[in-house]
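Both complexes below contain subunit A, partnered by subunit B and then by subunit C.
Let's turn to the complex of A and B:
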């Protein structure tokens, strides 16, 4: 191959890479919000945003590998039963290896900074008068009670725009408490109370599923929740029968 | 060289030796059955005469009896037994044990020749993949539409546990078993493994473990997933005792095999085979073996604790008696994450080997390849709690475990560097192994990228426990490891049989499995993103379409795997003859005759350079 040919064909490599990167980035930008459930809390907004950012960041890397593999197939593939002649005896390329290491380390550091930052936001509690909800799992139902009120319900009712602290436990085996639309999960363990926080910010219905395998009817350990306005929530709470 | 071969073939079968020389798989089964019954009788009589006939204590005893009887029946303990009574094996005894002059019957015996063990591992891998695959098809058939239609939930839960464990066993041995035994000692320039009898023991112990695992479905309910979740495993039936004992027996097999691999590489290399001249596959095999030696003790430990909770009334994992499910999760994942790399590294190393030979170039940046594999193995022991981000155990450790987990992408990236670097500007010979290698590259990048999402805790708080995780690790195991394993099979098949693996059928199989993997697992990612938890026997209507697509994709994979099975069966005896070195490679396994004679070499070779001197002949002359 002459040098000009080489340059021309490397342009093909770059084009393939650019097209694949753009395709990957588009999937990353538009895919998550279309596929993932309706976002109803600050945590879920952050989850979807992280999904978008990571996909866009990964797109050029994955596209680089695909473009190189396709390029190798297109230009250097030998068919037939005869063994091809030896290729160039290149054993090392310090420049290439160093660049690769630096780029992959930088990408990893970016992921880490983003991840640790998001984690700090995700786990933080505003500490402003959170609503406490006791969550109890047992095979194969959830029950929710509101401390200080003697109210217990098989469906979860939450007020809008107020932080909620879930105190989660289990009566029999480990269950997984997951509010699908709010991007929060924690296991319900026997004899232990685990806590998670979130702040609902959209009114409406949401799904709760068990995400830890819990036996025969694991697939049916589902329930729904409702985000209400604070006044609706107060009237719902006072209308409930008080349990001993 | 050919004279050695004929000598082996025509050597008269040694006479005498009595019963011990007639032991085989069948007498192993008989021995196992007799001892299982004996242990059942004793356990039932002494431990349990008044209660149920089939308690946990009795079940555990039966499994112990089975494996002891199987070992005795197949003759695994003959040589140590003879040593105890002062009758060491003679050279003739050892040659007989290595299968000299016994034709095909040696494949059904406790045979010590590493090449026989390698072929037995090929068959075991196919048996395990086949049985796990049948369960996978049953699971996908149940999930083709919402609701429970084909298998009841109890049986379904057993299927997911046994499918998972069978496939893990299959993939742990898929590359390291056949090729770590068949070609690895020849690559090092050794006449056999360091401990040939232990080698046979590891294989037949795996057979014993697989038999236990396959019977679990018949003896009792399994409601705990393949990870043996606690405390729910305490609710499982006696099948759980078989399951735990199968794992304990399996870890004996991997420990023995791992020690043997490490000792072989460290002590049996021929003159001049320095560590930096080792074929790269040998590095993969020894690093994976060392990692396995670290990881698998946790596996037997955690299953032994589960068994003790069930039989001795201990309460390691019983919460209302002071135990803790998190302890089980920690111990399990201390094994569980390194195990992923025990599975992955031999496949990756085999692909490095294939990339170099097929593109007619040296392995690009050999030292980076070794460093990448070592780094990955080292990091993998520090990441286990990323499986527990959402369990509530030690939330403050989330950050550190996120750090170690994301660092994994650096050595993983080096694998792509080595593969792409080796292919770059090569003359890539597009034969069957090469085709499957490109499939690996395409799938492994998806596996890697989706792993990054799961390592991020805010994202994991949404995706953990969903079909997204299932799709991710199936891209690792099916999309990547299986592709590497088939590439390795196609590459070394001519050395085992003297024939090529059928190129045409192999390519049909490749396209079916490759397309099947994308259809199955991309749709499964969508199910997970939409919010479908894993291990569901039924699901809501919003998951209908993606599950239907996944099931269709799974059938396509099945079709591809059946074509591959057909290719292996038809090529084994009737394939196109390949000669001893079909790929014109330079490592030692290609320089001995095909099939390699007993003890491999007439005279041990002396090594002066590594096997990757493609294109360097001209420079030197």
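Let's turn to the complex of A and C:
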């Protein structure tokens, strides 16, 4: 292959990579908010943002792999029945190896820092008068109680724009407390109380599921929650029968 | 083998594999693990009302498990695990509770929830909760994923401490605790119910054996 042919081919490779990168980035920017459940809390907003950032960061890498594969299929497809001669080893190309190492390291460090930061924010509490809710998993029902009120319910009711502290535990086996629309997912372990915080910021219904396989009716360990205005929440709380 | 023949073989393999998977999936989805349906009996006096009668036993000798109690005659059981009720109807349920009991591991289930008036009638007495240290079983019914329904009914069934003997089918028991309650159905849906008293084996927090197998302490309620 001549030098001018090489340049032409590499230009094609670069163009393919650029197009695939742009396509991947567009999927990353517009996909998560459309494909993931409706966001109803600060945690879910952060989860979706993380999906966007990670997908966009991964787009050029994935595009590089796919573009190289397409390039190889187009230009290096072997014809004939004889075994083709081996080409030069990639490890001997110092420029390529150095670039690969630097880019991979930078990407990994960026994802690590973002991930640790997001985890820290996800688990943090503002400490501003959080509503405490005790969450109990038992094969195959979730129950929610509100300490200090003697109120408990098979559905979860939360006020809008107030931080909630969930204290999650289990009565039998390990369950997984998953508020789908709020980006909350934590194991419910027997004899252990695990706390997690979120702040609902959208009114409406949301889904709660168990995400740890917990036996015969695991698939049916599901309930719904409601985000209400503070006054609606207060009305609901006062209308509930008091459990001794 | 030439290229077109290879492609044909590959395509046929994929189609055969996919067909086998689809067939297995269809067979699994068609096979019901439940017993013959127990239909709600329409009331002769009240419109849009029907009644269901169930029992809970300390074994499987009197239910739908088969001759001599089926494969696990010593497992606790409900009399039927497949309940069918009409839509938009008040369902009057009577459960004869023949089993002993003990303490709930979660006092959430000592309350009567989701019934008409939030109450049940136990041996003629109207209650909204029971002693959590003396429960035999619970009847706990709830919606399932994807149905969009939010029906939740949970009624505790106190332990039977009567001594007068009674015979039912191949089983010998004592006079039951009679629990009555009503709940309203909405539109068509399938709900899952089970007992929330830990009455299975000692494994998995006493939620093993009868609690972890269809046909004993769990089932479906089909609103049609």
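In this section, the second predicted complex is superposed on the first by the 237 of 244 C-alpha atoms of A that agree within 3 Å, B and C clash if a C-alpha of one lies under 4 Å from a C-alpha of the other, contacts with A are read in each partner's own complex, and residues count from 1 in each chain.
Going forward, a contact is a pair of C-beta atoms (placed from the backbone, for glycine too) under 8 Å apart; a residue touches a chain by one contact, two chains touch by 3 or more.
Model, not experiment: these values are computed from the prediction.
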Superposed partners subunit B and subunit C on subunit A - clash or fit: clash
Which superposed partner A:217 touches (first subunit B, second subunit C, both, neither): both
More subunit A residues in contact [subunit B versus subunit C]: B
Subunit B versus subunit C as contact partner of A:190, first or second or both or neither: both
Which superposed partner A:95 touches (first subunit B, second subunit C, both, neither): neither
Contacts of A:66 with subunit B and subunit C, given as first, second, both or neither: first
Touching partner for A:209 - first (subunit B), second (subunit C), both, neither: both
Subunit B versus subunit C as contact partner of A:58, first or second or both or neither: first
Touched partner set for A:173, first subunit B, second subunit C, both or neither: both
Where subunit A meets both subunit C and subunit B, residue numbers: 172-173, 190, 209, 215-217, 219-220, 222
Residues on subunit B engaged by subunit A in the complex (per definition of touch): 153-154, 157, 223-225, 229-232, 235, 319-320, 324-326, 359-366, 368, 390-392, 395, 398-399, 402-403, 406-407, 409-410, 413-414, 416-417, 420-421, 423-430, 438, 441-442, 445-446, 449, 452-453, 455-459, 461-462, 464-466, 526, 529-531, 533-540, 583-584, 612-617, 619
Residues of subunit C that touch subunit A when the two form their complex: 105-108, 111, 113, 118, 128-129, 140, 142-145, 150, 152, 154, 192, 194, 196, 198, 204-207, 211-214, 218
Contact set on subunit A toward subunit C in their complex: 136, 138-141, 143, 145, 152, 154-155, 171-173, 190, 209, 215-217, 219-220, 222-224, 241, 243-244
In the complex with subunit B, residue positions of subunit A that touch it: 32, 35-37, 43-44, 46-47, 50-51, 54-55, 58, 61-62, 65-66, 68-69, 72-73, 76-79, 83-93, 96-97, 100-101, 104-105, 107-108, 111-112, 114-116, 118-119, 121-123, 168, 172-174, 176, 178, 180, 183-187, 189-192, 194, 207, 209-220, 222
